[in-house]
Structure formats: structure tokens, C-alpha cells
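Below is one structure. I have some questions about it.
We just call them A, B and C in the order they show up, numbering each chain from 1.
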Amino acid sequence: MTRAYSAEFKVRTGGKGTYEITQGIQEIVRLSQISNGLATIFIQHTSASLIIFENADPSARTDLEAFFERLIPEETDYFAHTAEGSDDMPSHIRMTLTRTSESIPIVNGRLSLGTWQGVFVYEHRRHSHSRSIAVSIIGEVQ
Amino acid sequence: MTRAYSAEFKVRTGGKGTYEITQGIQEIVRLSQISNGLATIFIQHTSASLIIFENADPSARTDLEAFFERLIPEETDYFAHTAEGSDDMPSHIRMTLTRTSESIPIVNGRLSLGTWQGVFVYEHRRHSHSRSIAVSIIGEVQ
Amino acid sequence: MTRAYSAEFKVRTGGKGTYEITQGIQEIVRLSQISNGLATIFIQHTSASLIIFENADPSARTDLEAFFERLIPEETDYFAHTAEGSDDMPSHIRMTLTRTSESIPIVNGRLSLGTWQGVFVYEHRRHSHSRSIAVSIIGEVQ
């Protein structure tokens, strides 16, 4: 029998950077009782995004942040959308270059992630924010 | 009871830029009668893409376009794939850096978008095109 | 009647570049017997990714590779995450800028791809690797 299950939760971020949420998603999959199907994680914001990224060595995430700071500097002189601060327009572009949703197959009641994969909220604003995540799980209950 | 619902529609674009389709997707969700599940929007092209982006202030979309024009200029001298015009290869790269599909949870019969989120077709070619969008909705009918 | 179907397969890559897997996915859709629904393809790695890209003229993929080599050069001097080789950190960034999963509607038992769209594994490491792909298919069996 197939069913659909939905959940929402919030993540408090502490400024630019990545915040792992893999365990929280795994727990929602467990609560759904769906053993075979698909989990979709969706972030309800336009200045933060999601990534699946290596979760072993934090230096990889530091380098990723350094790359984005150089690719879309806050001091970009041609930006017109600056009313909400110099980190606002870069945050919209960073979000567009990463992902608003991630979809992960569920097999035997677990996210079928690779060994080094984690799911992260990627905060693009300088200040702390509460970020809302919606999760949709669809599949077969055993 | 779960069901799958599919629909297709076309968007006429008027050259490079973003074209909001949120209301059209919302209407398809309503027609599907699915109250809890997942909507996936898919664009059937390799020189246009989809983004979820802030839909309040159009200046954010103007700045996004300016960013992509600088990141992948039409005059890039090392491109070999130029038979279809100088805007063709940049359009394939822009498409790869954004999204071919967007997946959005459905809760209580509505897309669970955040306050400022809209779904947009992102046209990367200079001329007007008719773009085909396929929509898949899966979930529980109340 | 709706059902969920899952499959896994491996792709042997031969260094940086794109490897088409469209026919393999289409075959999995056929085996699933699902005629209307959604196929999600997920790559279980953080140094390879997926793209949907034009599959007619290989020069477009050559130019894409040239673009990424310039955007994230292996010789980037500010990278700290270098223990696994100079192609490792660029591979994590390339992966973040492209996609870990692709979702494609299924209509009448087939992926609803556009005429020129193919699904590709995008290998970002210099050496050959075996890459694991998980596929989730959900929808109605006719």
C-alpha cells in the first residue's frame, strides 16, 4: 500500500555557512513508516538553499564558502537590488546556483545516501535566521 | 487513496529573462484533487530552465540576469559549439547551473511555497520561444 | 493502482566528462510497469553529479567541460581541502553547481524528455570510478 506523508521543521542558522540536517530527515522517514519510495526536502526561502555535500571533512565546506564569496562578492557594483543589504542579492544568486529541493530514494526504510553524503541547509545571509523546511515522503508502507 | 496526475502546458517566452508560472502550477494542483503529496515541474528543453526565485521585487531578477551575462558571456572565445548562434552555448551552461525540474511538496491541496517564492521559466535564448512544461503530481486524494 | 519501484546500477567512468545513461533509465521505467508517475535518479557520490543536457552534438559537452575547468581551476590557491588531490575540491564544487538528483515525469510508460534531452553522469575526478545510481519510480500501473 502506498501513502503520502508530510512534515515541517525549522533550522536556526548562525550566519553564512552549512548546517547538516541528515539525521532530522532520517527520523522523519522513520516516522512515516514508508519503506520504499521517495523523500523530497524543500526549503521555503529565497536567500538560503539546500545542498548534498561531503560530510566528513569540514574543510571542504569552508572551501565551498570561499568559492561562493569570490564568485558573487557582496561588493558587486552592478547590483540594483541592494535595499536589504549587500549580502541579499548574492544570497539569491547562490540559492539559484544550488538547490531549493533535494529528492532522495528511500530503500528499506532509509535514505539511500552514499557513504559521504549529508544533507545541509546552506545559509547565505550574514545574520542568524530561522529556516522552514517542508518534507514530502511518498511510497510503500510494508 | 494515492493517485498520479500529469499535465502539460506551454509558455511563450520573449527572449532572455524570467517568466512566472506559479499560478498555472497551482491551478494544475487544484485540478489534480491531490491534497497531500508532491508536485514536480519539468521543462523539456536544454536552452531554458526553471528556478524558484523571489517574486516580489523585479530588480532581483534583473540582477540575476546581469550576473549570468557576466559569468558566461556570449563572446566566450573558447566555445566550439557555435553553429546555432552565440547565445546557444551560454544557454546550455546557464541551464546546467540552474534546474531542469523543481519539486514542491503539496500540503492541504496547495504548493507549500514560502512567502516570497515563485516558480519561473528562465529563458536563455535571445529570441521568443514556446517552451513545454510537464507536471507530475503524486499523492493522496482526500 | 499506485506502486513504488526501486533499482540501482553502476556506471564505470573514464575520467572527467559526461556519460549518457538515458537508455538505462528508460529500461528501468519499462521494468517498473509504471505508466504514469515520476522517475527520480540519484547519484550516491560527492565528486560526481547528474545533468540533463543536449545529447545531439558532443561539442556542447566539450564546451561545458572547458567552462567548468576555467570556473574552478585545479590550481586554485585558497583551497585547504587538498589531501585527496587537486581535482578533489573542484569536484565537490562542480557537483554542488549541478545536480545530485534529476526527477522526470513518466507519461504512457516513458520518460517525458524533450527531443534533445539526455541524462548524463558528470564525472568530476581525473581517474576512472565506479559510480552508484539509485532510481526511484512511483506512479500508477495500468
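The rule is simple: a contact is a pair of C-beta atoms (placed from the backbone, for glycine too) under 8 Å apart; a residue touches a chain by one contact, two chains touch by 3 or more.
These numbers were taken from a predicted model, which means no experiment stands behind them.
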Nearest 5 degrees, what's the C-alpha rotation angle taking chain A to chain C? 120
Self-contact between copies chain A and chain B, residue sets same or different by half: different
Express in whole angstrom the distance between the two chain centres, defined as the mean CA positions of chain A and chain B. 19
What are the residues of chain C that contact at least two other chains? 2, 38, 71, 97, 99, 103, 138
Of chain A, residues touching chain C in the complex: 2, 36-38, 51-54, 57, 59-60, 62-64, 66-67, 70-71, 97-99, 102-107, 112-117, 138-140
Residues of chain A that touch chain B when the two form their complex: 2-4, 6, 8, 38, 40, 42-47, 71-72, 76, 78-81, 83, 89, 92-93, 95-97, 99-101, 103, 132, 134-136, 138
